[in-house]
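Should a chain be cited, it is by its letter among A, B, C, D, E and F, assigned in written order, with residues numbered from 1 in that chain.
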Amino acid sequence: MKPKKVVSFGEVMLRFSAPNYQKIEQAKRFELSYGGSEMNVSASLARFGLEACHITVFPKNLIGQKAINYLKELNLDTRFVKLCGDRMGLYYIEKGASMRASQIVYDRENSAFQNLDPEWFDWEEILSGADWFHWSGITAALSQSAATACLDAVKTAQKLGVTVSSDIYYRSDQWKYGKKPQEILPDLASYSNVLLANALNMRDLLGMEMPEGEDQFERTCRNTMDQYPTIKKVVNTERIQISSHHNKLSSMLFDGEKLLNSQETDISYIVDRVGGGDAFLGGFIYGQLMYEDNLKSIRFGTAASALKHTIEGDINLADVSEIERVMEGDFSGKLKR
Amino acid sequence: MKPKKVVSFGEVMLRFSAPNYQKIEQAKRFELSYGGSEMNVSASLARFGLEACHITVFPKNLIGQKAINYLKELNLDTRFVKLCGDRMGLYYIEKGASMRASQIVYDRENSAFQNLDPEWFDWEEILSGADWFHWSGITAALSQSAATACLDAVKTAQKLGVTVSSDIYYRSDQWKYGKKPQEILPDLASYSNVLLANALNMRDLLGMEMPEGEDQFERTCRNTMDQYPTIKKVVNTERIQISSHHNKLSSMLFDGEKLLNSQETDISYIVDRVGGGDAFLGGFIYGQLMYEDNLKSIRFGTAASALKHTIEGDINLADVSEIERVMEGDFSGKLKR
Amino acid sequence: MKPKKVVSFGEVMLRFSAPNYQKIEQAKRFELSYGGSEMNVSASLARFGLEACHITVFPKNLIGQKAINYLKELNLDTRFVKLCGDRMGLYYIEKGASMRASQIVYDRENSAFQNLDPEWFDWEEILSGADWFHWSGITAALSQSAATACLDAVKTAQKLGVTVSSDIYYRSDQWKYGKKPQEILPDLASYSNVLLANALNMRDLLGMEMPEGEDQFERTCRNTMDQYPTIKKVVNTERIQISSHHNKLSSMLFDGEKLLNSQETDISYIVDRVGGGDAFLGGFIYGQLMYEDNLKSIRFGTAASALKHTIEGDINLADVSEIERVMEGDFSGKLKR
Amino acid sequence: MKPKKVVSFGEVMLRFSAPNYQKIEQAKRFELSYGGSEMNVSASLARFGLEACHITVFPKNLIGQKAINYLKELNLDTRFVKLCGDRMGLYYIEKGASMRASQIVYDRENSAFQNLDPEWFDWEEILSGADWFHWSGITAALSQSAATACLDAVKTAQKLGVTVSSDIYYRSDQWKYGKKPQEILPDLASYSNVLLANALNMRDLLGMEMPEGEDQFERTCRNTMDQYPTIKKVVNTERIQISSHHNKLSSMLFDGEKLLNSQETDISYIVDRVGGGDAFLGGFIYGQLMYEDNLKSIRFGTAASALKHTIEGDINLADVSEIERVMEGDFSGKLKR
Amino acid sequence: MKPKKVVSFGEVMLRFSAPNYQKIEQAKRFELSYGGSEMNVSASLARFGLEACHITVFPKNLIGQKAINYLKELNLDTRFVKLCGDRMGLYYIEKGASMRASQIVYDRENSAFQNLDPEWFDWEEILSGADWFHWSGITAALSQSAATACLDAVKTAQKLGVTVSSDIYYRSDQWKYGKKPQEILPDLASYSNVLLANALNMRDLLGMEMPEGEDQFERTCRNTMDQYPTIKKVVNTERIQISSHHNKLSSMLFDGEKLLNSQETDISYIVDRVGGGDAFLGGFIYGQLMYEDNLKSIRFGTAASALKHTIEGDINLADVSEIERVMEGDFSGKLKR
Amino acid sequence: MKPKKVVSFGEVMLRFSAPNYQKIEQAKRFELSYGGSEMNVSASLARFGLEACHITVFPKNLIGQKAINYLKELNLDTRFVKLCGDRMGLYYIEKGASMRASQIVYDRENSAFQNLDPEWFDWEEILSGADWFHWSGITAALSQSAATACLDAVKTAQKLGVTVSSDIYYRSDQWKYGKKPQEILPDLASYSNVLLANALNMRDLLGMEMPEGEDQFERTCRNTMDQYPTIKKVVNTERIQISSHHNKLSSMLFDGEKLLNSQETDISYIVDRVGGGDAFLGGFIYGQLMYEDNLKSIRFGTAASALKHTIEGDINLADVSEIERVMEGDFSGKLKR
């Protein structure tokens, strides 16, 4: 059987991590890895055995070549990666401990990706044969040209019958190029099938009414779905932060009729929480494509996200059987030989 | 006073550890150490001040020479180590975190040790003056020649009045050379004085009847001792696995009449659990030889095992006073200056 | 507004840390940093934006030059550091885990600092314009000449109206040069304004009567203040040690009339506890100079100390806003972008 | 224009390198990389922009998965890599200096590759559309099944008109499975078009007569070509070893009529000489496919090999323009910005 | 005696170095340091015991704070460093070997420094009491505002009688903001006293006539001095590049009347050549201020530059006595105890 | 045949090496090893297969225990190592390059060894069965008690017929405890059989007349042997220092009648020159005991010393066959598989 095929679109950044628990000010070297919300999602799916193709732009120099090598190593299809421009966005991270917070410093302005030309991407070709397309609001927030490319992509996806998931789980203060999210995102949402958002996102970014009360999320979802009839599901994650090392995770899905809730997963020792949300989405999409069961999708996504927290770097390297074991409640960490 | 002398026999493997919490797939270098169940036991005892001699086989090349250096550094007597053959068994390990399990990949087939010739070892000379001999079922599982060498050793030990401890705490699926454990282990058990085993081991490996019920362990021990009258004590450890970082340990000993139970020890932050069982045995044997008190032996062994979980590598590097402090209930980790 | 100015005096040692959780016996390399109780205090204050000047002695060689560079990097004023002598005191540290204790081995005898000549320091010039002077009993314990320099300093400070804080939180067994603490410390205490000590310190080092009972600390403080009328405040920290990773911290201040107690702060994952007491003092002095509020001073000091436990090395690298957040009870470790 | 396509077949080993100039006995960690004569060749070609597909066998475990990731990172087509078996061949290396020799210890017996089943490879499919197939004598030396797979491959290649290069530059003492090279290699040679061999190889492995005299290589080539009419070119490299750091390289090609000689290239500071011969072949094949000029092919190959000596690991990471610059005699190492 | 005081102005970049001889594509971590042509010069002078103040701009975040710490560690006066903006320029470097060239990839566009506001710098205050001001053409090439700040600085320097050295040893292709060097540099040169330039620089950047012939440099200098009467000395360095490891260095100075030539210095093993030219200038300025002898200045500068090539990073950490020893011809590298 | 047995006596220091070519000021970690002139000699001999016992004193703490482990790893007999005192001598080293010299900073005052009690060593027992005893002048220079222990040792050695080699190749400025070398060394020399010294040592330390002229060494040796009739051989090494990376070594021996000269050995790339002289002595003593040929002894010693220069650390890890190959003139560094 042909494996399912997923396409994602978004910036990939160099990640410079201060070693161990060193603060950035203490670091004399940085560990190098990569991360980008949408690529993190498709890397999960490549690992789960699906065909995954990531679309991005890297600078046309040694740094860009190195980044492509990395995507290949992750088993991502890089045929449509564009090499152009001079610099790669990057971020620095120091890891918190106990009550000390982790800190990220971004340096992504004027990146090769931000300066992309929407004409570079032939979405008909790229999305041909795909089952799922994933993008996120951060891409639309980077530049007008990136937003335009998103719109081209989702329109084409809808035309070709490719399911579109839209992660708009981002802050409105990220929009720096003169447009407000409300000017850009509604159009993009109208070509979406699955939305990752909380109630505040739907209110602030899509302009939905957000009623007060216990069923706030559910009712805001209903409002959204009323306005955007292509959106059939809204998913959301919740994180209780006890300390830098200790979080509790859960997720929910509204399918237009009822609200489904995943298990709550306790992560008692966090190795690296960056990419936890993307790991959820990777797991969720896997569930949608392979289990075709909404509850199992968010349960699998939540377990995938929990395991991601135990792995260094943005990318979830857990495999399906490992996630299923956690999904079924086995937290023992029993040594595998 | 002459220190007590202990002899152990078994394979020593190279251990390649992925750094920190990296998965094997992420590692670009491996930290190098060594481990082997029986050597781990005698290394504990060398550290506690006893004379300890380990018998093994290393390949006759740079890798074997390096391994001998390591045993010397541990203060083990290496006079009887045989250098022969081409390869050293090895294993790769990645460390789990929270609900993610640690994983070990073995690569020990066709090792120098597996291909040993039982004629190489003059057990009369090796065991001369020894107080204790330790071996384990994994050795008997490796090859017919290794099993034969075990049998030679335990027979000679019995003849010379050397106490024999037999750790058969292993899985039956490790037997690959055509023999079943039931064809080999009973003969070896008949020359043993102390057995490390749980009820399932006694049933599966020695063919004992294992009654149901709360006193299952005790009754299976009685059955074993009835059949193997040289066996005077059976010890066993129990591990409750809350997560990769958090375990609870305890141990028990049946002396033919009554069941003794150690304290339960909470290990709230595990650094490295490999070798934890061997550290128990090292502590237990120390207790047998130095305290001559069964309860104190399992209490000391349990505290030794707990401390091993806080130390990198297979070998327990805790010393006697440190273990006694933990045995007495001090878990404060108060800074020592 | 001119920033407040603080001066401290004391030895700075090289610190050799075994990597990660390695024991000293396992280490093949040592991570290099620096520490010294009084310098740790002024480094905190430099970081908080105050002008901080540390007085010490380094050997006149590459090792001493390297140490000066380090103090400069910490933004400490090094104009009065004396380069003389051959060796720098040093200490080795291995980090404990769970019930295994951290261990420190000192090698500080005959250091350049210990052999200082009190004539080297022109305290009138050094303390000119200062708001606060800090020293500790460990300095007085090192050598007669170091004790003499302390006395010169505190006398000058009192003359110039500079507040003097005296940390006598040290053990009496550190006094090796022939004098007992009781022969030296009382004179020094008589020129102090703020004392860091517990009841035992006041009894053993200053010869105070230490009544039994729940209000022991408070009553011993009263005795001390009766005898040393310049002392206006006594502060003390308390640490509950659950394991090497888990401590609870609190502090108290007696202002001559009432006892103030800080919040108790839970540190659920300790990265490095060395320098925790100095971080408290740094925070406390900051509170005294900037908040001019005793309760807030010990609350800020306790939060500063807690954050220090999450940072590698002797020095507290947390900044004011981070500490205030923890002081106000936010332990969530929420990622800062 | 469709890029040229190359297929190679052979074992890939894990490579454990002692850091810097440490001897294996000193190493506490090993840097991890990969190497295998034939893969090294195709990795060069992938880097030069050709389509390169490597055929090999990896164990079906974490170690094998990691190895596949690595090949992907090198931009090799891994579609036909077979995952089966338990262990990966490996080798340890320490780097020499000055008059001290580098040392390699192999541990490759019983590897997944050695135990391959020739039926796994459908060479018609694998070689479809290929321009070149490369294999080496070391593969034929590993096991009967590996030799059989080689024969299947070269027969199919000849049938499909794919050029076959055969590197028989190996020692006869590597043949351990009961066959002599003379029983296996002649058959394989008869399906070859380009041979890498020196005169001794042709004599010892193919049974050619090797006349004495200055034109020994040329005359032995003639004998070989007489007997193996499909062989149209024989290439050979020469290395003058002044020290571990300093070698001189050259190469020659006999085209059936005349002997062509490359430049002699001085490598004054060697970083890592392993894979130098494979880098020559990679460059040579590039020259054959892209320049279609024999002299330029060995000149480019020699420059490629020289640059490989300045790069860590088995794989030549130099690119075409860099090699051409060296081929044209620029050794200045002028900083590129 | 008051030490001489030097002020420099220019961008400081983060430097990410691939470890050892790894190519950027191989690196999994980068060693972190800093470099910037003008700062490199003043860091040399701070090390030689002069008072040195560097003027630059760092981003107002953790990365900028870290950079300031570094300048302090180098003993540079950072009082006038401006914290503003979001990003720090950076560059990646891989080290060549033998005939393989080192490579640098810059990522410095839109840095905090490039976007500086000339109003930030009160040059009257900054240059008060200074003996020397140093800037370079790369600063003028970055942006109009940086060029304006340069002009403000050199004008003020001339007014205050501070000697100005101008390093225009840069390529014309670095000018990207719309101005040509010929539109900017002549004005700046007219406020200079010492010029670092070769004949091509004087022709291309200042528009001087460059006659052919052996005395080309000397005659171009005369032309320059005719046009720019404040310029009293032109210095230049020459580098013969034998390989990445082996260079020969010399320098020359034209004083308006005669050409002085330094010794030629052979560097047989280069550790890191970046910053070699800046080390020359640092040494040269030291000679001008301390020896007041032109020949000795270029001899000391050349020796300083040679020693820099043996030191990791952009900064010359050699001290005066070490440089004088090399200047006098001692290349033995005799161990200093 | 019983292996020859060698005993040595002297201090062993911790060695802290700045990584790669970092200067001490740049280092953030130090690589840890050990060195001591006399231990370096016996470690060579242990490696060559002789029985070697080193006598020293280590502090009675974790640092001393770690040091003993190291000696055991080197296969040295540590039965007579005394654990007493608080500190271990240590030294810091940075590695030079090209014309930059390596630098060592010692911190060995007041070490456990320096404060030894001569009564601790029962030389009759220690030297029983030994063939050779080695000591050096640095030990006699450390303290009166160390000198006394040396004297006890050499007297006993002479009584027992053990050959004594005395390395007085040290500077007179190392004598700090109030005695001049001329007050101590002559007595020690009178119990020696083999002397390592150059003409200046014999003049300055033993008070010999040193005639001018080409045969200065030979004639000074004659004078020494006249005065010290037990001395039968004087050996000396010569080093031509071209750069930090490039030295030439040779050695000579005067046997009372004629002067023998070794080959001159070119070391074109030095990894670590510390311990080079000790490696010569280790090789020389091996030659004396195994070859019983003076010329071969200095030839083997010179080759051993050359190989030591290619190995990190104080200890020569080359083996006999490797040294013999170099002794016979093979400098090719040909890869060993």
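We adopt the following convention: contacts are C-beta pairs under 8 Å (C-beta built on N, C-alpha and C of every residue); 3 or more make two chains touch, one makes a residue touch a chain.
The model shown is predicted, which means the values in this text are computed figures rather than measured ones.
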| item | value |
| --- | --- |
| Joint neighbours of subunit B and subunit A, given as chain labels | C, D |
| Identity of the chain that, by mean CA position, is farthest from subunit C | D |
| Self-contact between copies subunit D and subunit F, residue sets same or different by half | different |
| Computed distance of Cα centres, subunit D from subunit C, in Å | 63 |
| Computed distance of Cα centres, subunit E from subunit D, in Å | 46 |
| Cα-centroid distance, subunit A relative to subunit D, in whole angstrom | 42 |
| Multi-chain contact residues (two or more partners), subunit D | 20, 23, 25, 28, 69, 103 |
| Category of the chain touch graph - line, ring, star, complete, other | other |
| Touching pairs among all chains present in the structure | A-B, A-C, A-D, A-E, B-C, B-D, B-F, C-E, C-F, D-E, D-F, E-F |
| Subunit A-facing residues of subunit C, complex | 20, 265, 267-271, 306-307, 309-313, 317-318, 322, 326, 330-337 |
| Interface residues, subunit C side, partner subunit B - complex | 20-23, 25-26, 96-104, 106, 241-246, 273-274 |
| Subunit D to subunit A touching residues, read off their complex | 69-70, 72-75 |
| Of all residues in subunit E, those that touch subunit A in their complex | 16, 24-25, 27-32, 61-63, 65-66, 69, 86-88, 92, 94, 103, 105, 107, 109-110 |
